[in-house]
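Both complexes below contain chain A, partnered by chain B and then by chain C.
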Partner chain A sequence: MTTTLEQPMPTSITNEPTWLAERRAAGIEQFNALAMPTARDEMWRFASVGRLSIEGFNPVEAPSADKLAELVERSGLVSERAGRSVYVDDAQASFEGISAELAAKGVIYLPINEAVAQHPELMEKYFLQESTELGSEKFFGLHASIVCAGSVLFVPKGVEVEQPFVNYYWTSGERAAVFPHTLVIAEDNAKASVVDIFFSDTEDNEALNVSVSNIHAGAGANVFRKIVQDWNEKTVSFQLDTTVADRDAQVKNVAVNIGAQRARFENQTRIEGPGADVKMYSLTVAEDTQEFDQRTFQTHNAGNAVSDLLYKNALLDNSRTIFSGLIRVAEGAQQTDAFQTNRNLLLDPTAEANALPGLEILANDVKCSHGATTGNVDEDELFYMMSRGIAKRDAMKLMVFGFFEEVIEKVESDELAENLRELIRNKFESKIK
Partner chain B sequence: MSDTDIQDKAINVDTEKGNFKYPENYEFDAGVGLTEETVKYISKVKDEDPWILDFRLKALEIFKKKPMPTNWADKDLENIHFDEIRYYLSKGQQPARTWDEVPDDVKETFERLGIPEQERKFLAGVEAQFDSEASYSRMKEDLEKEGVIFVGSTEGLMKYPEIFRPYFGKVIPTSDNKFSALNSATFSGGSFIYVPKGVKLKQPLQAYFRINAENFGQFERTLIIADEGAEITYMEGCTAPKFETTTLHSAVVELVALKGAKIQYITVQNWSSNVFNLVTKRGMADEGAEVKWIDCNIGSRLTMKYPGVVLKGKGARGEVLSIALANDGQHQDTGAKMIHLADNTTSNIISKSISIGKGRSTYRGQVHMPKHLKNCKNNTECDALLINTNSRTDTYPAITTRGENNTVQHEASVSKVSAEQIFYMMQRGLSEGEAMSLAVNGFVNELMKAFPMEYSVELKRLIDMEMEGSVG
Partner chain C sequence: MNNTLEIKNLNVSIDGQAILKDFNLTIPKGEVHALMGPNGTGKSTLAKVIAGHEDYTIESGEVLLDGVNILGEEPDTIAKAGLFLAFQYPLEIPGVSIANFIRAARQARLPEGEDVNAVEYYKELYAKMDALKMDRKFTARSLNEGFSGGEKKRCEILQMSMLNPMYCIMDETDSGLDIDALRIVSEGVNLMRSEERGFLVITHYQRLLDYIVPDVVHVMFDGRIVHSGDAELAKELETKGYDWVKEEFTSATA
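After this line comes the complex of A and B, so read on.
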């Protein structure tokens, strides 16, 4: 079946259950009903919506077996893992399932279509149930109607899996549109971690990505999600992520964003139980004419919970970043601690950083703060290092990498951290003056 | 009684204070609603030059075309019925020159507002707007000798067009927003001030505004020009009696600080809780000039006010210090805008808000460094204090930065009065209400110091009044 984005048709897989067909139909309806965003929409303030075109991108045929094998070979950022999936243009290239030991404990790690076939009740409860509310509802609809690639991780009550599950999502074909999906369900007191990695085959295969990731953390669950986004600079990307945290759940999101021509992030956190603790860390390195458009929303529906957000952006050349964050403390959610910090480092005078840090507080016994700073490399610190014999360029590098390190070290894996440093170095080391 | 019981208790502010009203006795009345005829009528009564009428009519067209503020506007704005508002009233009186000529009922109003007669001696000139026209306007002779002009809006445009016309509607264009267009079409009253080169006014100029006719919008227009090296402080205070139906206040205030000039504009606002206060205020600062807004918003049903400074010349400085207090049923949507358009410009915003009961206070700000500027700095601090469990506060800043060696920092925090503080004070014999008042006054104390002495006294009194009954 062929589908184009101008007139998308819901994916229809034989034997797909009715509930899923209905969700796909609702998605396509949502996509058709909503208008393309305009600069007048508050949710899209400062964004260059003109550069957002999805025209001419289409789901493509699966690449050749050679290409799949090559990209599986290149999917080696994390060697110690509990499972790995590799998708290229939404076609499954490789799927390393879980060990018999984990399977015996009831852990599920499957491609989406298999999960739908084998565990329909679980999927009906969680799959495509959390939409974004931050402006890209239209694109969520598109994702819901088409999605067929992605991985589901389910960890049952009390089971702890130490090693991460690693999902690679590649683009390769000409003007390919991809719709990857990561679903993580950690039941009460379960422990799970995933790494989502977004890569492009070459420097110049144009692509459109509309990915969705949903985390459901049950009471006392511990979920750690790491995201590496290094598309080539010919990619338009949407990442629509949500986290729902129940009582005493601990969730940590760490994202490192390097690629894409225009990348939109919508990251929602909903705290539904007291004692929950959610952390959101992000590092973005922007160059040339890249635009990173980050929208975050921390909702505290229950009291006595903590959420902490740190978004750091380093900007070069004519790049732009937009950070728009909102903390909302619902009425009655007392003893909430919610924090939000945005730091922008301008490395070139033509780069532009926009910050929209927002608070909506409807309860009085809370600790909430947000801070946004934008500036250049500290001249005094630079002088200090230079006066101790460090060349200016080296001193700059030290300081910029120091700026990154605060987020990179949060991935808590030496191997991945070193791989991330390498990716960042490749991208812009030569650019530091 | 538990803590929450105390906090949930209804808030009983004495709404009778400042609640007074005199028989309406207007010689000119433009009727209800806004049409071309209304605008022509206003212009005719004021005996204006044709260009002013043209300006008004153009503004009316823009007003009709402009949508209500989109995106972040408060839904409450929909409750303004433009066709039920009276747009012009006047006693047909010329501005009075001496105190003796001021009508007795106006004097009584001042009495009720608690403005001491001695205070006048401190003030360089008093201009009190009773409804649309300046009812009293006086200037000290020495100011006149220095060439300072302090007149009403119409008088300013008619008598001194060469001074005021070049800047009139330039800092805030008619089409800036729907309410600036409304004001441009219907303005009357307000102050036009010109301070000549190098003249530094040691004492502040002052005006009191009041609204006194039911359903009557007040659209005063103020333009202050400080010529090179001049300095001026202007103060306005507002109180309005309470009415049955809603009242609209929509002023436009433009400040022009030429090279090296300094303008300080101080507002203490205490509208009654049925007033929509939708004001556009903006200053332009030339090279080395300084524009400072000191703003205190108490009362009103909805206030939307974001004083701004356009930092147009090198080394210009802009500052907004603001205090907002939102009681039950009130929404204080205030903030600041700083537009940096030259190198070495600096700006500072300090905003403190207090929400009582179901009151809602919102900070909305914009800091803009759009071009290839160097060495610009902005500092923004927003602190919100929430008194009751169901009080609400929001913060929505928007910051754009590019260029070399620019630094921008924004910080906001939300807190409540600590139980320890209250306990400590109550142990020493203060009632809970007094302790709360003291804590709130402490929260804004730092900013209070920025106000002239007599204003900070008045402010403290106002805060005490608002805090009455907010705790058990």
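After this line comes the complex of A and C, so read on.
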């Protein structure tokens, strides 16, 4: 069967600059040149690549105005914000731009096509410049060739924006393929935060997501990105995210993953300047036959910097998770502190958690740790809690939420934290018998 | 019988090995009983079995709380019936705050559809923490996580006083405590002594009983009580040591 995705054509936006047309063409080339992943590929070890098919998914037409309005209405996870975009099937449903005050300071928050038109130099420098290296290069190529939806946030030198910019990416149409893109550029000593939220219109609308997010944090910049992935369980999702941190930059990524039938998450952090501090936190709740496939890469090209990764997974039913993390400390990157922890809580004996931690250290004065633990609910803890009068089911819930809390509290927003707890509660409240 | 915790002819084994052998003990409300004995004699097993731990095989016997047999019930049912076990080694529960934990335990005691009154709850919680010299900031901390030995035991006493049990079993509460912590914990227990409540204080050492003065002292050996007396017995044991118990009672129980 021939589909658009199998023989992609570049998105043609009128008057698109040459550099972008070239990047799209290169994307197609990359997509065509690379084979579909197989289970034999080291970067796809343990993954059910057979369930990865992109066949039959296509970019779809924009939904009706009523549908767009409805989903804008349902985009209410974060009320205090500096801006908000809502996309449905890659069509722009709403774009709340920034205040005049922020605009006067030089802050830019725009849909990517407008950013390309209005700020071509900025976009040429940063847009589609960071590919993944963790196995989904083919899909990055597909994304590059098609991407037309997403937000660009640029915060200039020394400007601090406290409130987050919130991007909602919805799917709605039949077998829709979406290619959302979030680009964050924080110049030296700038402060910015974004929330990316991935939602499905209904429980059943099948969809394919190939999203890319790139963070560029300049010297001394502070960037906080939160990700809420709550697709329905008929979605195949790829999230290809990168962070580049310059000298003394502080970047924090917090991801909460609840949805999708099969979710592949590639997260790369590259430290390019001393003093940088990058945190990567993730929490995943897997149920039914869901598969969450997480690949991470912490690269230290400069010394005296810190990267810290904590991925926690709770698994129910027949779900699977794969965590594969690599830390690479380049030659000369002395005094590096790089940490990587993966914790898996198996709530059912039929669930399966795979962990592949890895280190590659070319400097000699570093502090690195990596570790993975997989365990069941602790019977002694359960007895302790029950001995206070708490019923088994309630004790288990408390423990599971306790397990999550370490990550949830890192979102540093009471409203979002409570909304996340609610999403998680809805997902598995009925599951713990 | 009403107003007693009564353990009758309790026989318990693990992996086919008998641990409690026809164990008998009656604790009336209003009294503090101390249970002493050498290590490995079955003291902690007794505490866990009464509280409903499922790792042990109950061969026969009864544990009556005011005349109602609770032996073999689920731990939460036993707790709600009025028993509290202060653990020798309280578990660390990451991500579950003390305040939320005790609140969940209180909530479990309310009828369906009723909720804990948050204002009153915190007022009571803070008052009791003050009495135990616990920093109020502890309410937000994960239960027992990273606590010192003394903080863990204080937290046990805090839970005990918040849950208002009829009978309290304290398993080696003095282990891992320095003198200051021992004093604070003991004061907490003494404040709870009342005509409405019975205590079983399990300890290996006599020093705890300088602070929590018992009405009755029992010596346990090889799965049963071999000797009982008043508070003086604890001091006698301290002087003579447990070797005396072994010599005195090994032949008698053989």
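We adopt the following convention: the second predicted complex is superposed on the first by the 430 of 433 C-alpha atoms of A that agree within 3 Å, B and C clash if a C-alpha of one lies under 4 Å from a C-alpha of the other, contacts with A are read in each partner's own complex, and residues count from 1 in each chain.
Here is the rule we go by: a contact is a pair of C-beta atoms (placed from the backbone, for glycine too) under 8 Å apart; a residue touches a chain by one contact, two chains touch by 3 or more.
A quick note: this is a predicted structure, and the numbers were derived from the prediction, not measured.
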item	value
First, second, both or neither for A:46, with chain B first and chain C second	first
A:334 touches, of chain B and chain C: first, second, both or neither?	first
First, second, both or neither for A:390, with chain B first and chain C second	second
First, second, both or neither for A:129, with chain B first and chain C second	neither
Which of chain B and chain C A:381 touches, first, second, both or neither	second
Chain A: partner with more touched residues, chain B or chain C	B
Contacts of A:359 with chain B and chain C, given as first, second, both or neither	first
Complex contacts: residues of chain C adjacent to chain A	51-54, 74-76, 78-80, 84-85, 87, 90-96, 100-102, 104-105, 108-109, 142, 159, 163
Residue numbers on chain A that touch chain C, as the complex places them	378, 380-381, 383-392, 394-395, 398-399, 401-406
In the complex with chain A, residue positions of chain B that touch it	7, 70-72, 372, 384, 386-416
Touch list for chain A against partner chain B, complex	40-42, 45-46, 331-332, 334, 344, 346, 349-376, 379
